[in-house]
Every structure is written in C-alpha cells, then in structure tokens.
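Below: a set of structures, written as structure tokens.
First subunit A sits with subunit B, and in the next complex the same chain sits with subunit C.
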Partner chain A sequence: MTTQAQRARPLGPRLLAKINLPGVTFLIVLFAVWEAADRAGLIDLMFLPRPSEILSAGATLIAQNAFLPTVGHTVSVTLTGWAIASCSGLMIGFALGMSRRVWVYSMSTIELFRALPSVVLLPIAVLVFGFSVQMELVLVIVSAQWPVMVSAVDGVRLVPQGLRDTATTLRLGRLETARKIILPAALPKVLVGLRLSLALSLILTVAAEMPRRCSVTRRAWATRWSRPRKRCRPTRCSSTSSPSGCSACCSTPPSSSSPG
Partner chain B sequence: MTTTAFRPATRANRAVGPDGPQIGSRPPLRGLLPFVALLVLWQLFGTDDSTFFPRPSTWLPAVVEFAESGELATALAGTAVTFTVGLLLATAIGVVLGVVVGSVRFVDRMLNPFLEFVRAMPSSAQVPIFVLILGFTESMKLTVVVLTAMFPVLLSTRSGMREMNPVLLDVARTLHLSRYDRIRKIVVPSLFSSILTGVRIATPVVLIVTLIVEILTQVPGLGGSLSLAQQYYQTSLAYGLIVITTVVALGVNIAIGLIDERLFRHRRR
Partner chain C sequence: MSEITVDPVTPATDAIFSCRNLAIEFGHGAHRRRILQDVNFDVHQGEFLALLGTSGVGKTTLLRILGGLLAPSEGTQIHFDGAPIDGPPRGVIMVFQDYASSLLTWRTVGRNVALGIENSLSKAEVAQRTREVLDMVGLGDRIDDYPAQLSGGMQQRLQLARALAMRPRVLLMDEPFGALDAMTKANLQDELLRIQRRTGTTVVFITHDIEEAVYVSSRVIVLSGSPGRILLERDVDLPSPRNQVTTKEHPEYLRLRHEIYDAVSDHVNS
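Let's turn to the complex of A and B:
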C-alpha cells in the first residue's frame, strides 16, 4: 500500500522524503544557535565570525570573481595529478603483481617510499620547482600513485589461480592476460586504491597551494641558522588564498597567537 | 614460515596476505636494490654543494650539526607529543561518538550530514582556519589531527556496534547477566576488535596529519624543521630530516603490524 502510494505521488514529495530531515534540522539549529549566541553577545569569538558574515564574505568572493577560478585551479590540478598518478601506479602495480622477479627486486623499495608520509616531499618539491603548477603536480603524482600501486599489486596477486590457468589454457599472451583476465578480476581492489588516491590528491593539492606563512619559529630559526643563502625565491603571498590568512599572519606581531 | 614450506604453490599469495601487503608481508630485502643503486649513483654523480640534490654523504653531517644544537630533540619531542596525545584523543572521541551513533539510529541520522561534512574537509584546508582561531599552538595542531583521525575510529566503532552479534546479547539475557556484566563480558570484548581496527587505520593518519600541520605552519616538530630547512636552502639537512621521518614512519608501521599480528592472529586462521 505505502509503496504504491509513494509511487503515485509526484516527484516533489518523493524527493522531500529522501531528505535527511533530522540531519538538516541539526545543521540549521547549530548555525542558528551560533548566530544567535554571537548576536546576543553570549560568546565572543574573535576569529570565528558569525555564519551570516561567512556567507556574505563568500558571496563577495564569488561576486569579485576571485573564488571560482581558484576552485577551478585546485580541481584541475587534483584531477590531472590523480589521472597521471593512477596510470603510472596501475602500470607499475601490474608489473609488480604479474612478475615474481620484479616483485622480489623492487617491492621493498616501494614499501620504503610508501612508508614515507608523502607530505614531507613538499619542502623538497618547493626547493626544486619553486611555487608553481609543476611543483603541485609533481607532488600529487609522486604521492598519489602509492595507494593505486599497492592495491593493484594486491588485486593482481589475489586473482584466483583458476582464472590464470584459463589464460594459460587459452594461450593468451602477457598483455592479453593482463587486459582480459587480470584487470577485470583485480578491478575491485584497484578501485579502492583509486578512491584513496583521489582523496590524497586533493589534500596534497591544497597543502601545496598554501603559501608559506611567517611564524614565530621562523624568526628564531633565522637568527640561529643564519648562513649565506644561495638564492632566494620570493615567498608567494597569493591573493587567491583566504584573504585574512596572509595579511593577518604577516603583518601582526608574533604575539598574535594570544588574542587580546 | 613452516606452513608455507608445506604449500609452496601458495607462497606468492601468502607473501602478500589476505588484507594487503602491510599485514604479515615481508618482501625480501633484495627489493631494496633499486633504492641502493639510486643512492650510489647519486653519490657518484652528485656534487656536495648542489642546491637541490646534495650527495647523500652530506646528509649525515648536516643532521649531526642539527642534533648537536639540540633542535633535533625539540623537533622529535614536538612531533611525538602531538602524535601520542592526538592518537589518544582521537581514539577517545571516536569511540564515544561511535558508540552513541551506533546505538541510536536517530542520532546517527541527525549527526550524519555534519560529520560527513567535517570528514570531507581536507586536513590541509583546516589548517588556516584553526591557525586563525587558535594561533600557532599545540592545541591547533591537536585539533586538526583529532578532527581528521577520529573518523576511522568512529566509523569502525559504529559498525562494530551495529554488527554486534544478536546471539551474544541473547546469551547474556539467557544467563541473566546484570547490565554491568553484560557490558563488561559481552559488549566491550566484541567492540574491542573493531576499535582496534579503527585505531590501526588512524595511527598512520595521525602521523601524516601531524606532519602536514607542522610543514604548513612551521610549528616546532619534524615537519616544521623540514619546512624551515627548505626555506633556508639547507637541502642536505632537509634530506636528512626526510630520512629520519621515514624511519619514524617505518617504526610506526612495524609497531602496528606487530600489534595487529598479535591481536588478530586468531581471526586470520
């Protein structure tokens, strides 16, 4: 009865029924309480503006056409890096998974590089490429290929022996076996790796795009480790990042960490 | 090893293990050959004063000099404190939220959009927000770390709550266990393994996010020192610090592997 009634109903109410009402209500109440508490002066968060102020700031950003190009840049770097990383990770992973010899003589190296938290490559990438699109892409590609690679190795090695035997019986060549037998069988694992590396790509792109910040420690460091520098790249203070981020951090004295 | 000797045909599969290479997999050390070859070639053809690729032999003196100034100890301590406290906090918050969300459907539905929103936010994007609110402080580091790393624990605890075998609860009822006994003898042991699974996934996340925050904000820590070394073109020191970070990360990985093997051995059989 109920399902028929639902089917008979027009699209609008059916979509409405799909909306997670308690969830949406919770969000609205959360923001409303935040807004109301701030307006009433119950809480005074110096660096946490009201939701309405955040919204209007966002609207201004969009109106000034400063927001969408930034988003476009991030998304394109993320997707390009992810695509290249996926291809290379997949190929290397298949080589590792299908050939015992390749696995024996390089898997430990792969494991070593994979253990390295990829974000520590950011300083090196900045050194070599400066603040550029190449730097962002290289960082994303180098780090996002590991999940794909490892899951491809895994998927390939867990392909059932029966399927491999079929390939042998049919006298398929190596490429044919990889394309027609191994790839479909390993696909579920590979997809997991692809998903992981997409998330990683986004995180690394955002990290790579962030301008260097001046911090308290930097001054202490500068006095202690002052050596002749070979050459200086200008630190980027891009207008596209959060407008308060740069100016606030660079112009205020070190004591800014304690608001008051 | 003894079992593989009986079944040489499955050795290849065994080496990888059912859940991925990090579990019980020991790729042979011969596999380090390409890495060693790279280092040797680098040493042979590199120069000492290269800005970008100084020879590996210059890394050690740079690190020793850094260690003698006492900076290395400070950096390691900073990272270690954030890592430990972050992991503990993430576990505690994740377990509490996971139990609540897993036992009451309505709360789950209510919090779901909010939690999904927080979870989807890349940790590197959270850094500027919390720098603004909390400044370049330890609590800023911890907030970002915990907000990212609590989700594996939360999700795994939630599914543990959901999938708790109803027969077990029936057993408790049949045996007329008191509520305390039921929680102590049935609920906690059956949740224990899901919590540990979550913690296992969260541990590398904690380390990575700690390093991300340190690199982006240059607060004291391994990542901060690395970022500063890059900034002042002490490239050999940067490479040396990367080696140290890798060793730390490998240590964490190996520790997880050992704990995993010890605790979950019975499940894999």
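Let's turn to the complex of A and C:
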C-alpha cells in the first residue's frame, strides 16, 4: 500500500524526501562556523580562503565560462574511463572467477601489477601518449579496473555452495548457471567494486590533468617532451608578445582532441 | 521386517538406484581417509527410504553420490535405471538441508519454483505448474513474496516445491527438516508423506533422528562406523497414512525404535 502511494506522488517531492536534511544542515552549520570564526579572528588559516571567498571565486570562474567546460572535461574523462575499466574489469574478473585454471595461472601477475601505485604510471603514460585525452583515459582505465576485477573474482568465487549444488541438481547448463545464479549472486560484491573504481577514476583523472592544467608544470613538461612535428611549440609561444595568446595557443594544440 | 540381503555383485533389475561396493575417500596423501565402504543397497520404485546415522558417518556424502554431485571411488558400481551414474541423473532432484543458501534471494517465490522448468516449458505451462506445486506445499498465496519474507519452514516448503515442479521420479532429501523446530518439523513430515502418496515419488531421506526415520519411511537403512557401512536394514510396516500421535503409539513403531536405538548405541559403545 505504501509503495502504491509513493508511486502516485510526482518525482520532485519524492527526490526531496530522499534528501538527508539533518546531514545537510550540519554541513551548512559547519561552513557557517568556519566563516564566523575566521571573520572574528578566532582562527587564521593562512592559505585557506573563507567559504564566502571560495564561493565568490567560483561564481567569477563560472561567469568567465572557464569553470564548467573544465569540469565537463573531467567528468567525461572520469565516466568514459570508468565505463571502459568496468567492462574490461568485469569480463576479466568473471573469467578469473569461473575458471580455476585461468585463476591459477594469472593471479600472481595480477597481484603484482595491482600493487603498483597508480600514480607512478603517470610519467609513463605521458611519455607514450603526451598530454592528451588518451593519456588520461589510459591512466584511468588501467588503474580503475583493479577494484572491479578483484571484486568480480571474489563475488564469483564466494557464491554459496548451496546455490551451485542447486544449479547442478536442477540440471541448469553452464551458461544458464552463470547467467541465472553466479552473476546475480556475485552482484552485491561487484557493485562495491564499481563504486570504489568510480572514486578512483575521478582521483586519477584529476591527477592526470594536473600537469596539463597547471600552466607552470605544463610549460616545463611541454618544453621537455613536445615533439618537433607539433606546429605549436612552447618555444615558439614564448617568443610571442602577448602571454594570453601563448596560453590560448598551447592549451589548444591543433593535434589535440581535448576540449579545453 | 524381513531381512533384505543384496547380492553384492549383480545390480538388481527392478531397482531405480543400485549401489554395489560403494566406497569413497577424501583428502590427499597421509590425510586420505575412507568415508564409506562396502555399501550395498537398492532403492525401489515408490518407496520412502530413510538413511539413518550419526553425523559424520557419510550420509550426506552417500546422498551426493546418488545425486551425481560426487564421484565415488573406483570399483564402485552405481546405477540409475540400469545405467551407470555420471553427473546428476535425469529425474533425480536433491533437496538440501540449508534452504537459506539454496534459494535465489533475488527471485520471488514463483520465480524460484520456475528456475528448473522455465527453459523447457512454455510460459503458460510454467505458470500453471508453479501454481500447482505451490498449492501442494501450501504457499499458493505467497507467489510474489521473496524468500526473505518467509519463515524457515516456508523456505523449506519452497525448496520442496521447486523440486516437485521438475516432476521428479526420485527426491533425495538431505536432513530437510533438521534445522526446523519440532512442531514445524512434524507438520512438514506429514505434508511430505501426503505429497509422496499423491505423486508416487520415490524418496530417499537422510536423518539423524531415529524417530523421524521410523515415522516417515517404509524402509530404514542405518549407517554406522568409520568408514561408514550399513549396520542394519529394516522394513517399516506401519499403517498409512501415518499420524503423529497414533503411529507413535503403535507397538511396531515402538519396537523398531527400540531395536534401532539398541543397535546404534551398541555399535557406538563397542
């Protein structure tokens, strides 16, 4: 009866009802206390601006149309990388979970590569792909597939023996068992892996973007690694008179498909 | 209560299952241990056979061999319908003690029942068969509920319904009522007997409860020892339908209970 009543209500109020009001209120109060304490001189955070300053700086950036395209780029790289990483992680994970032989042969290799901190891949990715969307995607995909893969392996291997026996005694085929029993039973663990890897994707996208977005590092890296075939090189840029023209030129090299 | 002797070499022709020289070992090297040895018996069409024994004697192992989930040691001759068993025999369905881990928690009661038949039957047939078996076990009004919404006894009824939907010739039941309270257990024993009478299904039923074994079965086989062997085999000649009160006051029931009790405790103490 309650579910029917919920269905009858329009979407807006239902979403509103899902908001955790006490939690949001607490957060707002926390920011207000910070702001008030800073203004009253109770605390002095030298390098950390007040919430009001952060808000107004954000508003300026949005007004200059500099904020949203960048966020859009980050979000699209994060989600694309996550989607590809999830697909490959799930496929490899299920294969490892279902076949004992595949698992025995490949688990040491996987554990070795999984232990590598993702960020150390960044210089290698930059060397191979330059400062490009491909570099960011590769970094995200390679690193974000581990949690999905490992959770898929665990999910499949920890399916209760009772369910496997049930599939056997009801004479379900291999494919039918995988589709109707193993995958649904492994799903809760897989979802945890997907969640972890989404967070990891965002972290890695931002890490991969940092050397490129931060103009000083960008110029330093670009000077060292830019290839002669690129028309727009930092050396040529630095000879132009206008510094704004330089940054516009470098941030949109003709060979790059990056939208920002 | 005639003494039934089985020829240890030739498989019986009228038996559904026939086991000769059944043995099985687990473990490797020094840890290798023989679980069952020299087990010879037949299962006949339409009978209700109880396999009785203390825990650890190999009852479940024996049932899993019959169900094709485990391969016995070499030298074992085990036949279903005259053909050697390799893999789960067609028409033989197991019902497990641990109903909670055998049910698909993400499927409704109805869709759990449909699991074994939805591939081979049409939608209408599946719906009709599902309704029929759920009515049979008294879960007709719970078809859209999820297993988590059912009590333990109901979950075990659901597992039974899922097995019955396959129209099995043989039900292999592994201590199906072992995890239930006494009153639920008594109810389910009577329902199982009613269903068995109605469908004519052959039942092999594992239990460690002597009274349950004598109450439900038409024949009891007692396993004992390590490795487990057949200690005793008795026909149960009690009037049917059984009744929780009158059957348990019947002189034959009391005599069998006494005899089996003595045999098991003598064997354990010696």
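Some observations on this one:
In this section, the second predicted complex is superposed on the first by the 151 of 260 C-alpha atoms of A that agree within 3 Å, B and C clash if a C-alpha of one lies under 4 Å from a C-alpha of the other, contacts with A are read in each partner's own complex, and residues count from 1 in each chain.
Operating definition for what follows: contacts are C-beta pairs under 8 Å (C-beta built on N, C-alpha and C of every residue); 3 or more make two chains touch, one makes a residue touch a chain.
What you see is a predicted model, and the numbers here were worked out from it, not measured in a lab.
In the superposed model, A:R171 makes contact with subunit C only, not with subunit B.
In the superposed model, A:I181 lies in contact with subunit C only, and not with subunit B.
Contact with subunit B, but none with subunit C, is seen for A:L158 once the two complexes are overlaid on the shared chain.
Annotation for subunit A, partner touching more residues between subunit B and subunit C: B. Using the contact criterion defined above for the overlaid structures, shared-chain residue A:S132 touches neither subunit B nor subunit C, since it reaches no partner. Contacts of A:T70 after superposition on the shared chain: neither subunit B nor subunit C is touched.
In the superposition on chain A, contact of A:T80 is made with neither subunit B nor subunit C. Of the two partner chains placed by superposition, A:S88 touches none, neither subunit B nor subunit C. Of the two partner chains, neither subunit B nor subunit C is touched by A:S99. Common to the subunit B and subunit C contact sets on subunit A are residues 161. Across the interface of their complex, subunit A is touched by residues 9, 12-13, 16, 18, 20-21, 27-35, 51-52, 69, 71, 106, 109-114, 122-125, 127-128, 131-133, 135-137, 204, 207-208, 211-212, 215-220, 223-224, 226-235, 238-239, 241-242, 245-246, 249-250, 253 of subunit B. Within the complex, the subunit C residues that touch subunit A are 67-69, 88, 90, 92-94, 96, 98, 100-102, 104, 106, 115-116, 119, 162, 166. Residues 20, 22-27, 30, 45, 47-48, 100, 103-113, 115-124, 126-128, 150-151, 153-154, 157-158, 161, 199, 202-204, 206-207, 210, 212-213, 215-218, 221-222, 224-225, 227, 229-231, 235, 241-242, 244-245, 248-249, 256-259 of subunit A are the ones that touch subunit B when the two sit in their complex. Considering their complex, residues 160-163, 165-166, 168-172, 176, 180-181, 184-185, 187 of subunit A touch subunit C.
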